[in-house]
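My structure is below; once you've seen it, I'll send some questions.
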Amino acid sequence: MKITLKVWRQKNKQDAGHFETYQLDNVSPDMSFLEMFDVLNEKLISEGKEPVAFDHDCREGICGMCSMYINGRPHGPLRGVTTCQLHMRSFKDGDTIVVEPWRSTAFPVIKDLTVDRSAFDRIIQAGGYISVNTGSARDANNILVPKENADKAFLAAACIGCGACVAACKNASAMLFVAAKVSQFALLPQGQIERKQRVLNMVKKMDEEGFGNCTNTGACEAECPKGISLENIARMNREYICAALTSEK
Amino acid sequence: MATSPKLDAKIPEGPLQEKWTRYRSTVPLVNPANKRNLEIIVVGTGLAGASAAASLAELGYKVKAFCFQDSARRAHSIAAQGGINAAKNYQNDGDSVYRLFYDTIKGGDYRAREANVYRLAEVSANIIDQCVAQGVPFAREYGGYLSNRSFGGTQVQRTFYAAGQTGQQLLLGAYSALMRQVALGQVQMFARHEMLNIVLIDGKARGIIARNLITGELERHFGHAVILASGGYGNVFYLSTNAMGSNATAIWKAHKKGAFFGNPCFTQIHPTCIPVSGDHQSKLTLMSESLRNDGRIWVPKKLEDAKAIREGRLNPNDIKEEDRDYYLERRYPAFGNLVPRDVASRAAKERCDAGYGVNATGEAVFLDFAYNLKYKYGMMEANRLGIKNPTEQQLKELGRPIVEEKYGNLFDMYKQITGVDPYENPMMIYPAVHYTMGGLWVDYNLMTTVPGLYALGEANFSDHGANRLGASALMQGLADGYFIIPYTIGAYLSNEIRTKPISTNHEAFVQAENEVKDQINRLMSIKGKHTVDHFHKRLGKIMWNKCGMSRNAKGLQEAIQEIRSLREEFWKDVKVPGTDKEFNPELEKAGRVADFLELAELMCIDALHRNESCGGHFREEYQTEDGEALRDDANFSYVAAWEFKELGNWELHKEELKFENIKVAQRSYK
Amino acid sequence: MAKGMFSYSIGKKLIMGLTGMFLILFLIVHCGINSLIFLNDGGETFNRAAEFMSHNWLMRTLEVGLFLGFILHIIQSLILTLENKKARKIGYAVSNANANSKWYSRSMGLLGTLILIFLILHLRHFWVVSRFTDHISSGEETLYDEMKEVFANPIVVIIYVLAQISLAYHLMHGFQSAFQTLGLNHKKYTPIIKKIGTIYAIIIPLLFALMPIVMYLGIVK
């Protein structure tokens, strides 16, 4: 396959950045999207040019590191897959593909297609945990969880923290990511004790990091590679309302 | 054989069952006020690193944690699919600490240390408790109790799981504990930092040199002790199921500074991975071993059928039952498709080498769900619904939702990668490099031969002997981090309470940093013709062909020469673009490959010296008549710990393995 | 109650949702009464209802609430829209947002602004006339007459119809969105809410749009 790539190039945070166009003539449909970038980079290096910097690690859709905005959509044209799982058979010979980094004030560009997502870590630090020290746990089967709740909690916990929800959202809102974590714990008995403070703190942090406000467009759910559901956002809204109304602080 | 005086495993006295308990009650403690003044560096935030960093911080130590990814949550542990073992005996099927211990030693082909493995089995149950308390959403039964599945190499159901994302859920649990400590100010987190050297002062590990991957700056960090939890080195083979960034650099730099390397040649080849599709391939994808619970592995019985399938003239579904060779069930009736990984991998290679491979390259076998989908799950549903004499089609429709629930995400992943629907056609699989049992040699305290330097998780030579059982790496990583290091590090640090933090202007820091600078400058200044990947791929080919699933003396000798000349070529001709004072992924890769090029040689030397077959190490010269691994317990019942002298020159030290609680036997899964 | 509950994003959204719902309720009443013109009785019933509404203390209080509701809704929407712009300072060169969301769900600010412009016009036409002039109270003219007068102008009719289209799309998203904002999402009920929302978003604006049309065309006399 022949593919034309228009790729965002930006030297560093301060650089204004621009698009560059590259031509690849020998793309195999069995290649993954990132393998195509490997080929591009090999070519650039051999031509004495700078390769494109992009984030990736596991290349099997679970670490959440890869993050490309492909032809106007995070992780490209398919639903339910990450960039690394996207294969070139999803494109046609002769296609032009435009690749940009995630765009969000809270995710500044580090270089080319690489962005800084540490804001997500800071949100988790604000309350995305259960405060249990190692060694204090009781026997696992002493905590029973209805299967339905356990399954729902698992589905919420499946979030890989890739940030596609933020990238897709017109408001660059991180609600889906935060809601996934809040929901996971709200659904489990272990999460009840810190339930109220957790949602208040995490929402506060989310705002401080500069993410936008949710307007329920549903773009996040549609683009989330792990199919995290909007139900979680509703649940977080509920959690927030309950917690805020009953809070004594 | 006697254990080398340089290798004191420090195994506590007493009967096996009491060693750990006694140790814990007698180990020196550090009082809380002193803990505040003690700093610990943890390299790696996978299961081992994150759990260690969080637990140590909870105890009150000051912790600095490092990872090269953009977030601690992305460590490679995230990719583990199948599950985690624990001797809970929740299924009432006869599991016990001893049985888990026994299975692990036997699975490892009697090349692991009894005391460590027993301790691992002992703390396994606590891990599940801890994780559940953290909110890890393990699979559950309708009554709300935890669910279990079985894994290769065992006959009990002791594996806990969260769909096909167990590693992810466990890591997110450990990560959340870590983030909590970061928020409390107990842990300082350094993401996008790569450790590039270790600092020794008076023979003790006192810090590291790390490169800030965004700015390219080199940083010096002091610690009273240093913990390496940097994962495995399977990427020495270029193609493996490891993440792209997984590397040996941290442990290799430590090795070169005096930490002995244990059993470097013990590599696990996983039997169920998606076969290679072409030259562009950058990594291989694992299909969880749990699939072998319900998938049956086969190749055609007739060579001409295999040929027809390879050429696309024949649909595998059209091959009649009697023309299929379920070779694992045939060779190993007792364990069938659930034999350990090394056995399953070699059996697949044997069939493919004999010409029965089923994809274009001839390197693939079938993993087929049709049978269990219809006759196990379909029938179960039919019985439940009271459908008498269901048709094939009905069975298929009834069974599918159950298979979907169990393996849906794996099936989707397979389809995504190959473009083939595994509900309709059998999957194609082939073995691929997956895990490295070898790693830094550690004693009972998990301390390497360098005082104050610890190795945890896949980075140490571990409890898995010559072969790791499925679902045991997660267990080991978390055992090391949550339940072992918090005790054992106290034994060392209780003697360090008077050590004031050492200034990073100390000459040892300066020198260690200069070593790193020199290497980076060298890499940047070569400006050769070939990319880093070019060399990495060539190294991978050498390793896979000559130090892979089966090895022989001649091949290994050749490999050593080839690696040496490749290394020379690399240092003359590699091309690293950009500068070192910026975000430069090519430079990162170059440093890692430079280390792989050295480690590879040691792996071959180790494989060459071990004149026996055991576990994942299969020497063609040493096999039984029916092609099974032939151990030599009289001469090789030891851990090979290699001391680095200079490049190309290592000294072998042996730690004798004594089996006092288990009868050493020929491993049989028949 | 938590301090600053309404100053965090979900709190702000809550205000949007609550005021939005309030406005939805208001529209039902408003539309119900106005639909009396379709009786085609020369505005008799309609005038009586209008009379009742404007001389009822309860309605008077609610009217104040209504204004507050509108103002809150509008101010909050301005804040949200501005903040959301700030959350992505550099936009995408290529965006294929239609693949993941409906255009009108992404255009609530614009649709709302169109409604606002209409609203000002609308208030000028009727509310100002009925409240601050004595045309109607003096009995010189009924509200119905006023309507006929205003809708004699084809340009006004077109503006009204366009505004109702904006309203329809605003509600097509807004109705169900308000439920989601309040945390009311349920496997069984949400699909029903969405259906009702769509029906509401079509019927109410349609009835409103028909009013100027039938009057202009003289179908209703």
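What to note about this one:
Letters are used for the chains, namely A, B and C, taken in the order the chains are written, and counting of residues starts over at 1 for each.
One rule holds in what follows: contacts are C-beta pairs under 8 Å (C-beta built on N, C-alpha and C of every residue); 3 or more make two chains touch, one makes a residue touch a chain.
The model shown is predicted, which means the values in this text are computed figures rather than measured ones.
Viewed as a contact network, the protein chains form an open path, each link joining two chains that touch.
The most centrally placed chain, judged by C-alpha centroids, is A.
Looking at which two chains touch through the most C-beta pairs, you get A-B. Centroids of chain A and chain C (each the mean of its C-alpha atoms) stand 36 Å apart.
Between chain B and chain C the centroid-to-centroid distance comes to 62 Å (mean Cα coordinates, whole Å).
Per-chain CA centroids place chain A at a distance of 26 Å from chain B. Across the complex, chain B meets chain A through its residues 51, 54-55, 58, 69-74, 76, 78-79, 88, 90, 126, 128-146, 162-163, 165, 168-169, 172, 175-177, 179-180, 182-183, 189, 191, 214, 243-245, 277-278, 280-283, 285-286, 412-413, 416-417, 419, 482-483, 486, 529, 531, 533-534, 575, 577-578, 582-586.
On the chain A side of its complex with chain C, the touching residues are 8, 19, 69, 71-73, 77, 98, 100, 103-106, 168, 170-173, 175, 200, 203-204, 206-207, 210-219, 222-223, 230-231, 233-241, 243-247, 249.
On chain A, the positions that touch chain B within their shared complex are 11-12, 28, 30-32, 34-35, 38-39, 41-42, 44-46, 48-51, 53, 55-65, 80-81, 85, 87, 89, 110-111, 114, 116-118, 120-121, 124-126, 128-141, 143-147, 150-151, 153-154, 157-158, 160-161, 184-185, 188, 190-191. Of all residues in chain C, those touching chain A in their complex are 1-3, 5, 8-14, 80, 83-84, 86-97, 99-102, 105-106, 108, 173, 176-177, 180-185, 187.
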